[in-house]
């Protein structure tokens, strides 16, 4: 609630800054792409752990699956980092940062967690990556004046995810 | 409602076919990426129409903007087509098609509408593209046993969009 | 022969539908790209089997080669699926499907075989992928009114491949 | 004929050099991808000329089409250059160059023609690009010991193209 | 000079933070890629202005060139933004930010200038983009303990550029 | 020194040939991108050797790291080959080759070394790849009339690298 009030004040006093102004500018920003990508990272970590702990497989099948999981994990961690950069770099204005001074630090933290999510298969770090992006999504939707809710994602790893309450 | 019942029967009698089995297989399919891309296509059509109808601009700025709109329209129409192909080709099984025999025709229609959305800037066709993908999303979520709702997208062009009701 | 006759009738009665109308539309469709990609998938499966069965190698060289084979297999299976989607989604019209009602099922089968070709290194599945794409190529060239022939591809794995008889 | 004889001698005396040794190495090289791409370049030039010379169109449709033709021309000219680089850089050995000393010059010429094909819409240059790649394909198949034939491509712009005679 | 001294203190007291730790981590970071990309953006702006102001050209050639300049400008502005994100997100640590508190603001400014460089052909903004990246490069090399110098880039637009003094 | 004199003569007598004429043409060519990529290849080889020789790691972490090193090595070897092709194919003219007749052979050698750098993790070959690209950079800058110097790269593997002396 506090966000919406701040946002309305913000809109009143910083009219230009509160406008979406992306690279087009088209105004279509949506953190869901980054959120799905981060969930996929955790899913790959789970599949990697299952594969490594599973019954013995033929050499070729083991390598085929392991490599594919690592590759998908790499791509989605990078995709999530890229999407967050687009929203932070193109949509978020100085006025937004004045209202949400935690944003630059949160952005930097997401980049670091995404890097670690590529370097390891540590599930705890993967979950922290998802949560930091949820925090970012929450601020984003607050800036847009859209209420949010939390729900389990409708697919594995079924972590709690922030959604706009449309 | 009918979908969920059919789906439960489907799960009972075609157990393997009803399992998600993507290219990994990881089970994370989400039509929202295609839906956002299709909305972006319509947004670009609107920006193109505005630009063409607007007051005179310097030549360079006009071309700079027009080309960027066309390029973004191209990329997002292709992205939407690709995402739908992944869900239709990797997730949708023969058992799903038996339950939803309209799926192959709907898939083919989406490909055609996406092609036209690249070839023209005809907004009516763009809206039809969004709607066909909404229809696809509705069937997809029904197969997954997740209820859906309709709401206006929280950004321009603010068309009615199918969301999972989580 | 039957295809050409049907095609001529088709051209006579469904003039618009029989026109090539790709995303440009430019009319340059050629299944050979998908066919070469599918042959490459089988080639990678053979190289993976050779590597796994070969004399012991240093750890680094084994991983270097295995990963490269898996990556190339992934890329070419996806490339073949993409190329077939372009022809099926952009070139194939409702009139073509009326004349060749097996097309939607064949398309769906190619997507599934391509998915399995990524998930495993099972050569039998790889060969089935090549053959299904050959079947698609045969129908494609029949629609275009171009005769076809079969010949072994001039490179490993030298599987029988459908070529236009120019 | 002379090529095949030279090639047999070459195989006898330069056994290692005559082996395919690509970046995998997998031995699947095929100039057809470059040839289709170069034909597409000429096709786009024709469509650009048609569009510019055609009856007046609405501004938006004209820009939409013109930009798409230019983009496709760019991509396919680059694709043709890339494919020829792969064959020349990975497959062609010093022994092949000793037997076909025109190869380095032909390679350099193809790069220049491809560059011009991007910079202009000059059809004559586009056709020269197709022909130089045909010359390259002829030498390539001769090195492989595969006979070639010439036939019109089965799609616009229907230029004469070198094919392996399988 | 002050940077090197601070950096030595930093190395002494924040040993872990001062280590390069990229996504691999491999330690190879170099802002020159972003700098070349930003110079290319300005070069395209100059070519666009020349083209628009030049003697009349045939319609097709004008559009061919204009579109290619816009596309290259788009790609290089995005490339510069991406490269700076990699260095800021992967290499720059909290300890670096403590020593150079202007970094988060400078990062955000570069993203905004890069966005504007895509949206317009305004040379002044393009030059500001180059200069902000120069500022970033200066801090980066100071953190690495490498002295820098300024020199005109050895190609158009020949703007003053920060180089490591090796 | 001799290069600069030859270059001046070249500029005097082959004025057109000495002009940069890239695919835009924009005149911004810089071998540093290829040089950084080749250094990265050697860095990955070192990391692969360290990993293989190191203390035992958990299965998942070993595969995660090894695959990422191989993938980065692949990408950067290809990137270096691509960048050298662009300079050789687009910038280098027949007049330049007349003045530097070793260029076509050096180009072909770089392609072969880059191929081997993908196929193996042999450091000696990786270093030869870096050195051949240094030789190419030296000739390039001589053609541009820019003096060069050698210095250790300011990051691992810290090999001697050719830089323009600005």
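To keep things simple, chains are lettered A, B, C, D, E and F as they appear, and every chain counts its residues starting from 1.
Just so we're on the same page, a contact is a pair of C-beta atoms (placed from the backbone, for glycine too) under 8 Å apart; a residue touches a chain by one contact, two chains touch by 3 or more.
Small disclaimer: the values here were computed from a predicted structure and weren't measured.
Contacts with subunit B and subunit F are shared by A, C, D, E. The chain pair from A-E, A-B or C-F that repeats the B-D interface, sharing more than half of its contact pairs by residue number, is C-F. Of all residue numbers seen at the subunit C-subunit D contact, over half occur in both copies; the interface is built from largely matching residues. Averaging C-alpha coordinates per chain and comparing to subunit D, the farthest chain turns out to be A. Subunit B is reached from subunit A by a rotation of 180°, derived from superposing Cα atoms (nearest 5).
Separating the centre of subunit E from that of subunit F, both taken as means of CA atoms, is a distance of 21 Å. Subunit A and subunit C have Cα centroids separated by 36 Å. Taking the mean of the C-alpha atoms as each chain's centre, subunit C and subunit E sit 43 Å apart. Within subunit F, residues 24, 67-68, 71, 118-119 each touch two or more of the remaining chains.
Taken pairwise by the contact criterion, the protein chains fit none of the simple patterns, being neither a path, a ring, a star nor fully connected. In summary, the structure contains touching chain pairs A-B, A-C, A-E, A-F, B-C, B-D, B-E, C-D, C-F, D-E, D-F, E-F. By the touch criterion given at the top, residues 21-25, 81-82, 85, 88-90, 92, 94, 97, 104-105, 108, 111-112, 114-115, 118-119 of subunit C touch subunit B in their complex. Those residues of subunit D that touch subunit C in the complex are listed here as 20, 24, 26-30, 32-33, 36, 39-40, 43-44, 47, 68-69, 72, 141, 144, 146, 149, 151-152, 154-156, 163-164, 166. Every residue of subunit A that touches subunit C in the complex is listed here, in rising order: 58-61, 63-65, 67-68, 71.
On the side of subunit B, the complex with subunit D involves touching residues 48-49, 52, 66-67, 70-71, 73-74, 118-121.
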